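Below: one structure, written as structure tokens.
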């Protein structure tokens, strides 16, 4: 029915065209499966849940250059001012902004530093008790800071006695889940865990610490300051536009800078990865197109070369469908070998990429799916030329050239 | 003869418009994709200061205690401590050198309508200008007296001078940086680099700073770093003085070592310096270690060309291989079908070589057309990259080298693809195809 | 066996209308061996194509073995070609990528004959043309005469009742031509109806019945129908 054997024999006798097609299909399979896998990996990274209502949050940085004010008092005044803007849900002075790529980190231990114990690195945030409401993160256990717990100090050694930590950080220290109320240490200073935050990404999305953060009730009044403001949905843009004027009206000797949405900060931080995803997508699309065009062109040529043969086959009683089938089967044979070779190539390439770069191990499903798609694509590319071949008149067989 | 071949080739391409178009599309897209990723790679990895790159050396000292590990791949801190920077600066050596760090200030003028704005600054030693080939438009670097006396002086770059003073000679004028008033002693041309090779700690493709302050201002003005600070020793820095005396890494250090001998001499100086410091309890480790990397070594070490770009280059060359196979297949089909015509030519006296060259000229022509179209496609690709990521503004671009490389690669690929088909077709014996016609 | 009534064939190009056949009438009875001759451009190839169901006709009626060809769709026409007609072409038309065995197999596969039966028939027909020992050879390894014998074997393997031969000896030297001709005569004696188109009048004379096509019509030789001796006398 499908003439496998004679087609195969014919192919084996006219090698070069088939080998080239096979090679194209193999490389295409190898590239596409790896590229698709990297794309999936990056998209998962780009779309990871941050635990933050990014659309409703924005930051404002400012530099106080007057030197004529009490910074901690001014921070309080600014916070009050921001919180009272209509449409603002809450606002907080903070040392670092999640998702922005800039922040501070430290090491924390289960026991004071002179004793050997487990150490966990994490990002830390310094803010007052408005931080939870502003960031819109969820507390799964424990309580928020009380106002009395908030320390105001520029002393580098000052550290709050209590902290909120993320679930991920908690689980590092206390896999049994009994961390609430326990004490951890920063160097020799004890810190009591009073609350656990369900999910909150830190400043660095592509860092091992991305899920591990602490928040201390601490305000560090410096000349360079950051605020995070959370607005009601859809009111952010309006408030972002007027925030500079509002702040300058309150105190003029400052520069308000980098008024940016958290989604924008995140987009900037992950811009490389977004670009990579786009590049790979374009690459896949045009690669598949090129391969399809190649198959299309080569089949057309094969058909032109075999006009007489096709006419003869029609004269000998081949139905149109048999001619179409002939080319489909021929192509499917080449293509199957191609995807098998390509799959091996994909595995090899995946291993190489994994060895040289931080690409995770290629999962087999990507190879299988790519192979199937490549076969379908190649059959689609052949259908047109094959139909044209089927339309060749059998009377061509009696022509002398 | 070449023109005759080109004429023949052109006719041949026109005779099979469909296949010619397919081949040109294949080579153009292949070149377009390859040149897009290759151009970015080329721009990223290009030597930012060819005349000095082998002389400028970045200093790293392994100041960690024995058995301490660090998060860099060779366990070496990227930056040095303030005290090491000051000690190295004060060493009496005949080499230009600079400590540096990134800072930021609110820039504002007295009696001016210009709205105060934040500007990043590079706090460095006066040698920075000569070391990094920074050209002065007005004035010059601050003097060593200024440096020693921590004079409130500043050098600004042209763009900032344009913004603040409409491009006039502003030497002698003052500007305010936060609450500090500084006098302009020089205006340089904007730092002509798109890769911040002198400080790769906060991303390689950022704008160079426009404000330059003497490093001696750090301590008296308590200038905060806007770059990275890394503390490895569990010690609390209660105040700024603590920071200056601490083991925190936050200063970059560069030295200009013109010859290999200089480099060796400086290396032994570093070793003896560290040994000296061990006496006061620092560098508490058995094996002292330093790193002296020149600009290009530094770019490789800090992976200025990121992984993604390397992967893209690899993938796009594989892509080009697909295009090559594609063209080879089409050429094979096309040339073999022409065998009868070649038979006639051979019978009329064309030599094998002539037939071979004629066919290579034809594929070369394909390569030229495809290569030129490929440049257009690469421009679209690079435009897409610039649009997608503003950090690529300066690097997603084709320089002359790449513009010339495109047709060269295209023609080479085409000729590579054409060799086998051309060889097959030139083996056609004159007689074979005459009869059956 | 073959009955053409008022067949005409018009080739329409942008500029001209060419009447390749005009009101063409022919009857061929079961078991006949007819030679069709005519100058080039006379329409004999068109006649052959229509008779062989390779090409549709513009007007008229064509019955082949009682089947009204004009009413068939493309698949039915393919089946008719496959089952009722055997072809022998001037250029042999062997498929170069297939060996002799596979070449002979082509029409049998289209007919859906099972493998063992195919094998039997292929071997039988290759035997008949004296090339059984060469089954694994590729066409280009054979001489022209051998190739044409393979083509005949391919035509025979389907056991057609109607054999169309188009200048079967056109590309062969005279010795080979005679062998092929003898083979055709043998096949005719075995019961197949043969229509042979040729421009070689000597060859044509060996056929019991001759017709000549001129200007798309038959120059009538019906006078001599069934009387080969009379033809020889012309």
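Here the chain labels run A, B and C in written order, and each chain numbers its own residues starting at 1.
Here is the rule we use: a residue touches a chain if its C-beta (ideal position, glycine included) is under 8 Å from a C-beta of that chain, and two chains touch if they have at least 3 such contacts.
As the structure is a prediction and not an experimental result, all values here were calculated from the model.
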{"item": "Interface with more contacting C-beta pairs, comparing A-C to A-B", "value": "A-B"}
{"item": "Innermost chain, taking as reference the mean of every protein Cα atom displayed", "value": "A"}
{"item": "Taking each chain's C-alpha mean as its centre, the one farthest from chain B", "value": "C"}
{"item": "Centroid spacing, where centroids are CA-atom means, of chain B and chain C in whole angstrom", "value": "75"}
{"item": "Distance from chain C to chain A - Cα centre to Cα centre, in angstrom", "value": "69"}
{"item": "Between chain B and chain A, distance of the C-alpha-averaged centres to the nearest whole Å", "value": "26"}
{"item": "Residue numbers of chain B (touch at least two other chains)", "value": "none"}
{"item": "Residues of chain A that touch chain B when the two form their complex", "value": "16-17, 20-21, 23-24, 27-28, 30-31, 34-35, 38, 61, 63-67, 113, 155-157, 187, 222-224, 254-255, 257, 271-276, 278-280, 282-283, 286-287, 289-291, 293-294, 296-298, 300-302, 304-305, 353, 356-359, 401"}
{"item": "Touching residues on chain A, where the partner in the complex is chain C", "value": "1, 3, 6, 9-10, 13-14, 308-309, 311-322, 393-395, 397-398, 400"}
{"item": "Touch list for chain B against partner chain A, complex", "value": "18-19, 22, 25-26, 29-30, 33, 37, 104-106, 108, 116-118, 176, 178-179, 224, 234, 236-239, 242-243, 306-308, 310-312, 315-316, 318-319, 321-323, 325-326, 328-330, 332-334, 336-337, 381, 384-385, 388-392, 420, 437"}
{"item": "Sites on chain C touched by chain A in the complex", "value": "45, 48-49, 52-55, 74-75, 78-79, 81-83, 87, 89-91, 93, 95-99, 102, 105-107, 109-112, 138, 154, 158, 166"}
